[in-house]
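Below: one structure in structure tokens.
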Amino acid sequence: MMQHLPILPIVIPLLAGVLLLLPPLCHSLPRQRFIAVAVNLALIVTAVMLLQRTHLEGALTYALGDWPSPFGIVLVADRISALLTLLTSLLGLGALLYACAGDDKNGMYFHPLFMFQLMGVNGAFLTGDIFNLFVFFEVLLIASYALLIHGGGKQKTRAAVHYVIINLVGSCLFLFALGTLYGVLGTLNIADMAAKATLLGPDEQPLAKAGGLLLLAVFGLKAALLPFYFWLPRSYSSASAPVAALFAIMTKVGAYSILRIHTTIFGAGAGALAEIATPWLQPLALLTLIIGSIGALASPSLRTLTANLTLVSMGILLTAIALQRADATAAALYYTIHTTLVTGALFLLADMIGRQRGKAEDRFVASRRMQRPVALGVAFIIAAVAATGAPPLSGFVGKVLLLQATEGAVETSLIWPIVLISGLAAIIALSRAGSSLFWRHSEDAPVAEPTPALRIIAVYLLLAASPLLVVFGGPITEFTDAAATQLHDSAALSGMMQQGGS
Amino acid sequence: MSFTVELIICALVLLGGLFALLGSIGVLKMSDFYTRLHAPTLAATVGMGSLLIASIIAFTVREQRLSAHELLITLFVMITAPVTAHMLAKVALHQRQQSVANTRNKALTEKIRKRLPPE
Amino acid sequence: MLNLALQIAIGMVSIAMLFNLWRLLLGPEPADRILALETMYLNSMALIILFGLWQGAALFFEAALLVAMLGFASTAALCKFLLRGDIIE
Amino acid sequence: MVNRLRLFWFPSPWLSLLLFVAWLMLNNSAAPGHLVLGALLAIAIPRLTARLGDPQPTMKRPVLAIRYVLRVLGDIIRDNFRVALLIMGPNQRLQPAFVALPLELHEPLPLTILAGTISLTPGTVSVEISDDKLWLYIHTLHLDDEAELIAHIKGRYEAALKEIFEC
Amino acid sequence: MSLYLIPLAPLLGALVPLFSGRSGRSALALSVALFPAWALVYMLIQAQAVLDGETLRFAVDWIPAIGLQLAFRLDGLGLLFCLLILIIGLLVILYARYYLSEQENMGRFYSYLLLFMTAMLGIVLSNNLLQLWLFWELTSISSFLLISFWSHKSDARKGARMALAITGAGGLALLAGLLLIGNMVGDYSLDTVLANGALIKANPAYPVALVLLLLGAFTKSAQFPFHFWLPHAMAAPTPVSAYLHSATMVKAGIFLLARFYPAMSGTDMWFLAVSMTGLITLLYGAFTALFQHDLKGLLAYSTISHLGLITLLLGMNTRLAAVAAVFHIINHATFKASLFMAAGIIDHESGSRDMRKLNGLWKYMPHTAALAMVAASSMAGVPLLNGFLSKEMFFAETLDQSTLGGLSWVIPVLATVGGAFSVAYSLRFIHDVFFNGDPIDLPRTPHEPPRYMKVPVEILVALCLLVGVFPNYVVNSLLNAASAAVLNGRLPEYSLAIWHGFNIPMLMSLAAMAGGLYIYYNRRMLFQFHAQFPQHDAKQIFEGAVQYVAKQCERIIDALENGSLQRYVFLLLLFALMFMAGPLLDLHHSAGSRPQLELNGVVLTGAILLSLSAVATVIWARRRFIALLSLSVTGLIVSIAFAYFSAPDLALTQLSVEIITVILLMLALFFLPQTTLKESSPNRLTRDLSLAALIGGVVGSISYALMTRPLLSISDYYLTHSKTGGGGDNVVNVILVDFRGFDTLGEITVLGIAALGIYKLIAGMRLYMPAGDDSGRPWSQDRHPMILALVSQNLLPLALLVSVYILLRGHNLPGGGFIAGLITSVAIIQQYIAHGVDWIKHRVRINYQALIAGGVLLAALTGAGAWAFDRPFLTSWFDHFHLPWIGDFELASAMLFDLGVYLTVVGAAMLILANLGKLTTSERPAFENGDAPRAPATHHKEEF
Amino acid sequence: MEGVYAFCVGLLTACGVFLCLRGRTFSVVLGLTLLSYAVNLFLFASGRLALYGAAVLGSTEKYGDPLPQALVLTAIVIGFAMTAFLVILAMRSRADLGNDHVDGRIPSEPSLVQRRTGRKG
């Protein structure tokens, strides 16, 4: 089974999702929960094994159907994809546990859809074929559409209309881009595309560039890059909590795709096509960061605030990616782990807080007292400290990594102030949020509905990552460094992919 | 392919094309919906029929074995065309679409619409 | 000879389809437009069969068969829509 | 026993035959493999769809049916040319009409076939059947003599169908 | 040496309250205090070495990638601060035991306090810039918690947030500064930094780094103009003020200046920035303190003023000034902490801090009053007390300045003025509170506090006296060591004597005393003068500013995210256009070298049909049914185009998808408005049309450019291996089920998920059905026209036969599971259309959900089956067999895969359409009679 | 021929884009359908146009590029699934929000309050 390791993160959730739709599992929620959690744990184990193998052996390729690359579809599990796969399943576990405390029964098919969502995300991380990437994008999108409306209600419908339409337009653009790239390069394997891109004549280069930039728009849409991010605040703040938490990984798929495509195909080695994204990506990423910070200050509720903090984190992430350097990529990777888990936890936390505050929900107004102020308060402080990038939690390591990566570069004078001031905005917004949520009380009695311990466990499970990321910062940054180096060493990777076979 | 066969095919092809065209001209030209409704029958029967026969002959001769599957299309068309016409007529009647002024038994239309006997 | 005949026939059917579209755009009533569409389905089948003869490939037969089957479903549904609003009730 | 077996395996034998033939036609082949497959499908599909149809009167006189089909085909071809001229001619010269045709057939299947025949022959379209199934309404492109048209249809098609279905 | 134990001890102590359960308050205080006490003892054991000039170190790697080490360093300066932090901390723990009331959560308080202590110790012991910053920020966070300890008070919350915002901002600046400094010397080790001062000062980025560093220091130590958070932090419980706002947190900024003194000082820029800031702060704080009516407010401004004084000293770039600064750090910590505690006692025992009400407390609490008066005298710089000594040194140093050239005299003059105000407010503290008549309207009758509450004050006051009288014995060695650390070992000659003779500093002191007396005596005039100015409450200004910023942010966000999808899509497409169009400008010829096909009439006609129908769809878009018809035409022509350009599979698929889409759209259209009014303004139409035309133009150009260029693609491989490797003649199908079967697996998964999602959407949907069409006509009475029903039911077997045919031949000829599935679906839907849901419901019981799942499962298991043969997922298998009579035939795993596709497609299509149909069934008879009101159709409530 | 083909692709794209920018869900669905037709034709053409080249072995001498065809097939199916979802979502939106505007409200009544609640989620 070990040689099939790279495909397991895709096939396991697929089979699980399908089996959850069939008798005997489809009729029993407890069984569904059990299977879903078990599968998620299995995914974590798989991802850890994958991580270990990639750490020792570099990239693993898996030629589907035993067809040689570039003719068949290959999966490429390099360090980055292994890391992100692990991240996905960790986040998934938190969201899933939270959902098992009751959110999963507010609508049909939660667990199967959850599994399909994991499958889509993992597939997007693992595939080495650009059209297959499109397919997995669609898998994760359609699953996210269905999950977004989970629980029902006007807000969700309203948000879903925007989310779906924007993404459908995005999918069309994706296909235009793919058509253009195939029409120029004549191949779909990403490594092969990279090889062919270097051979293009001046007559074809502009077309390849148009295709590549169009892809940037498509991925930017997923990654919530300005001006494509507009779907995000509303979708994230209206989705049910575990779904919103799971969505925290979705933006990362967009960022990952930019990283993958624009480093492998249009990376430093692409001659005239090298780094075509940077002139657009850099300013847009910084603007995203700015708008996210402004949105954070303007947020009237914790969910909206979290959604805007997601924007901020995407801005930081994409700023790092735009630099197209190994150290910046390493920073981006570390930051991704941190922000994904923390944002996910914040979404869950916002929901729990909202449930305890009666009509005020998670809005920043006075409300009845909470039932579990200590458990939630401590969680909030942890999440807030991590999210603002303050020490001693993981946010600061990520931020320092990024600042160091931009150090000395011409952009320093631009990037540093923006990044730092955005941190201040987050401090102000979160301290305002926390003091309103936890300290401004009306005289009403606390809500009677008990808070299941499982929800709190789920939140703390995700939050635990933040201190652990700092405590084990040494080995983790070592891994992210290695992963980034591997990605930027495109020659070696192309070799791996060309070779085919597993 | 012998000249005769080719000639036959040519004739059938032209006939088919012609009747397809005639049917469509009818749809365009006739003065009310109910008369327009008759026109596609030309295309559906002789039009499609001759083309399909042409195809049967051509492929049978070319591949040296009987190619009869075109008959299935004919079967389908023959079965469905009347139903389509019937449904369309129902729609027109339902929406009280006026027939051309000189139509006979115009008074029947309201009865037909309500599926009542003529008296 | 056959080629010429085919070209003429294809031309005729093409023109027929233009007429259909004309009627479809002209209307005036929905029934007229559906009739035009239905005729267009017929003409498409004719066209596809002519392509088959022209390219000498038997691969087009299914396309014509499908137009016949699905065109009918489509027309029936359109009529039902105008009659009852709800096509599956 | 035999009857029950037949009903089980061939709920509608004509349909099965049609499917079998259609399969061979589809594949343009009478190879043994297709014969077997066709037979299997001819048994399986009617069994699968049996519940999705109301029982219909079966054809009792197949030979007459073939004659009927040929006759209709002939009529269709003849009328095609007639109607082609009508259509190409000036619209004003036409005398369209609605005609109510009294029915003697009342079973849905023969009735549908009659209506279909009328519609397939150019120049006439079956428009509607009255709720009591006693009247078939026809629209004709050009009407010379209403009684003659009614007699023509009843004599040439309805009577034949009555014979075929023995109803 | 295990220096990490020093900050670790209070960190562990912070956890004690978590486990303390319901133990008594004294026990809790005692057990908490054990940890810092242990740290103190541990430290004292090491102290001698440090006093002897050694620097102790401890380091382990933590996150090498960012240069973060767990690195501690204990030198004289660190020792001094550690002692202050630990000793005063212990006293505060004791004090707080009595200060906090029974109801208050003392455990939480101690946790925060010890967390803060950890952070402070971390700062002063750090030997790594990043670690220093880490602890620095930790003080901000823990002080936020401490200041807001009484979170039910709005003042506390706001004060805490303000402190956090200001110190947080400074912290971020500090981070930038530290990173720059680290970058200059190539290492984040403080040792390296301190050893490379010259290098840093020569670096062109030095001014930037200095400013950033100073921003960090000044915000933390409340230097003008960042001072305003401090008075509002007084909303904290008094032990917090005594600790944070006298000895520790505000001193962190000072510590930072002292710590980086060797590396950063000595430049004019340092002098101007640091000393001028200090001077202004000194004067401003002293002046403002006088007018405070709140006891703690007075102390807060006094603290600001004294911090300014220390800053000024550190800014003066002379070694003696640095020593004076260090000395004043010690002195200020002792007297200010004791004053805060005294103020806390007064507040605690009298219920007020308002000096207009507090009068004559001498009578009620003489012991406390005596202590407070001694401490206040020290603050005023009265001889024999420690404050006097350092102030004297300060005055002396102000005279030793020449950087301001001809204006250098300004500094001593202003220093004296500051000193005078300092005397004045100290006098006010003493006189106004303890004398000056009788108390007015106090909530409680004041009395002495519990015995042990006074002990910390006594200890501190004793220290003030001891230092003041025996400076050489008490603090000399510590001061030496600390100053040596600040000055990198180059200690100047100085003497800590009470009497230096009758010199100018002495005169300045006397002038300050006299001036202070004079000012206090004439305070009413001054108060009136001061009252003329509008009173700016920094909190209100700050809150107002934050509110203003938040409002502006809201406006920006509202303007940007106006909730209009049309704008969002427009922006998306606009940028997509720019992304695509930009590179095309470099494309010199749109046509490439590839020979083009000849245009003919058919294609032209097709193009006309396509264009007209597409444009018609746009034009008719508001009359929806007609738009649907012209859309059908477009779809039909696209299918024919695929057929024409030799893609039969595409033609078949496009056609079936198109038909089923139209049916679906009709189903939906029933519930939607049939027509809509014109909504778009001419401007918007023009804008949208332009964008549409541009995008269309660009896409068309790209397409043209692609088609006219030669392509070297990987496709030959498929053509050559389709038969031999995939066992099929239809290369497109072999690609679908074999070469790229993984895509197809994903694709059917998408379809299945979509169906599930749609089912979710349908469940719980409440729709209003129109009772008639858009012209108001009631619907036809004929629900299921007989002829349609009969023919449909007879076509079904034929359609199924065709499906099987299409399914089976797919591998070798156009067709396959997907098309077959759609044909089956359409055939079944046809039955629904003809017979209605109710009729079918009783005849067919298919679990479409299971069909979908089964289909995907079959496809996936077919793929996974390869594992049994040790091949990668989806490795296909096929073989030719021979049976007697039947002949040769082929079996392939791809067939199973395709069957999975078929099942999924049927299941998905049916799950969608059949359930959508069910929506209306139950309610329909309600308005069968024609004119019934619009009736709601509700599907069963969505539940698990 | 390529020019005419490209023109059609461009025109379909333009029509699709224009409809996608309208304010009603139904128009957007129409627009996306047109856009997906354009996408399919575009993607198909990336393998270059060919006559007499059906990629069925043995049926002809030279074959058109089969790969884009397979891609288009996948794209069609996925597009269908997505469109279906959007169509039903449009119905749901009408049911929940009482109108068929893409924003869930008719823009003639733009109040800041609504926008804020929109953001509040």
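Letters A, B, C, D, E and F name the chains as they come in the text, with residue numbers starting at 1 for each one.
Note that in this section a residue touches a chain if its C-beta (ideal position, glycine included) is under 8 Å from a C-beta of that chain, and two chains touch if they have at least 3 such contacts.
Just so it is clear, the structure is predicted and the values come from calculations on it, not from any experiment.
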Contacts common to chain A and chain E (chain labels): F
Farthest chain (mean CA position) relative to chain C: E
Reference chain F; chain at largest CA-centroid distance: D
Rounded Å distance between chain C and chain F, as computed from the means of their C-alpha atoms: 23
Centre-of-Cα separation between chain E and chain B, whole angstrom: 70
Distance between the centres, which are taken as Cα means, of chain F and chain D, whole angstrom: 41
Rounded Å distance between chain A and chain F, as computed from the means of their C-alpha atoms: 26
Per-residue multi-chain contacts in chain B, two or more chains: 25, 37, 39, 44, 67, 69, 72, 75-76, 79-80, 82-83, 86-87, 90, 94-95, 115
For chain E, residues that touch 2 or more chains besides their own: 557-558, 561, 563, 565, 569, 573, 644, 646, 648, 667, 669, 699, 702-703, 706-707, 711, 713-715, 718, 739-740, 743, 747, 750, 753-754, 757, 761, 780, 782, 787-788, 791, 794-795, 798, 802, 813-814, 916
Chain D residues counted as touching two or more neighbouring chains: 22, 26-27, 115-116, 126, 129
Chain contact graph, described as a line, ring, star, complete graph or other shape: other
Each pair of chains that touches, named by its two labels: A-E, A-F, B-C, B-D, B-E, C-E, C-F, D-E, E-F
Interface residues, chain E side, partner chain C - complex: 601-602, 605-606, 608-609, 612-613, 616, 625-626, 629-630, 632-633, 636, 639-640, 643-644, 646, 648, 651-652, 655-656, 659, 662-663, 666-667, 669-670, 769-770, 772-773, 779-780, 782-783, 788, 792, 795, 799, 802, 806, 813-815, 819, 823, 826-827, 829-830, 832-834, 836-837, 913-914, 916-917, 920-921, 924
Residues of chain A that touch chain E when the two form their complex: 1, 3-4, 7, 11, 14-15, 18-19, 21-23, 26, 29, 62-67, 70-73, 104-105, 107-110, 112-113, 116, 119, 123, 131-132, 135-136, 138-139, 142-143, 145-146, 149-150, 152, 161-162, 165-166, 169-170, 173, 176, 179-180, 182-184, 186-188, 192, 203-207, 209-210, 213-214, 216-217, 221, 227-228, 230-231, 233-234, 276, 280, 291, 294-295, 297-298, 330, 381, 385, 388, 390-392, 396-397, 399-401, 403-404, 407-408, 416, 420-421, 423-424, 427-428, 431-432, 435, 438-441, 470, 473-474, 477-478, 480-481, 502
Residues of chain F defined as touching chain A within the complex: 16, 20, 25, 28, 32, 35-36, 38-39, 42-43, 45-48, 67-68, 71, 74-75, 78-79, 81-83, 85-86, 89-90, 92-93, 96-97, 102-104, 116, 118-121
Chain E-touching residues of chain F, taken from the complex the two chains share: 1-15, 17-27, 29-30, 33-34, 37-38, 40-42, 44-58, 60, 63-67, 69-74, 76-85, 87-92, 94-96, 100, 102-103, 107, 112, 114-116, 118-119
Residues of chain B touching chain D in the complex: 19, 22, 25-26, 29-32, 34-35, 37-39, 41-42, 44-46, 65-69, 71-72, 75, 78-79, 81-83, 85-86, 89-90, 93, 99-100, 102-106, 108-109, 111-113, 115-118
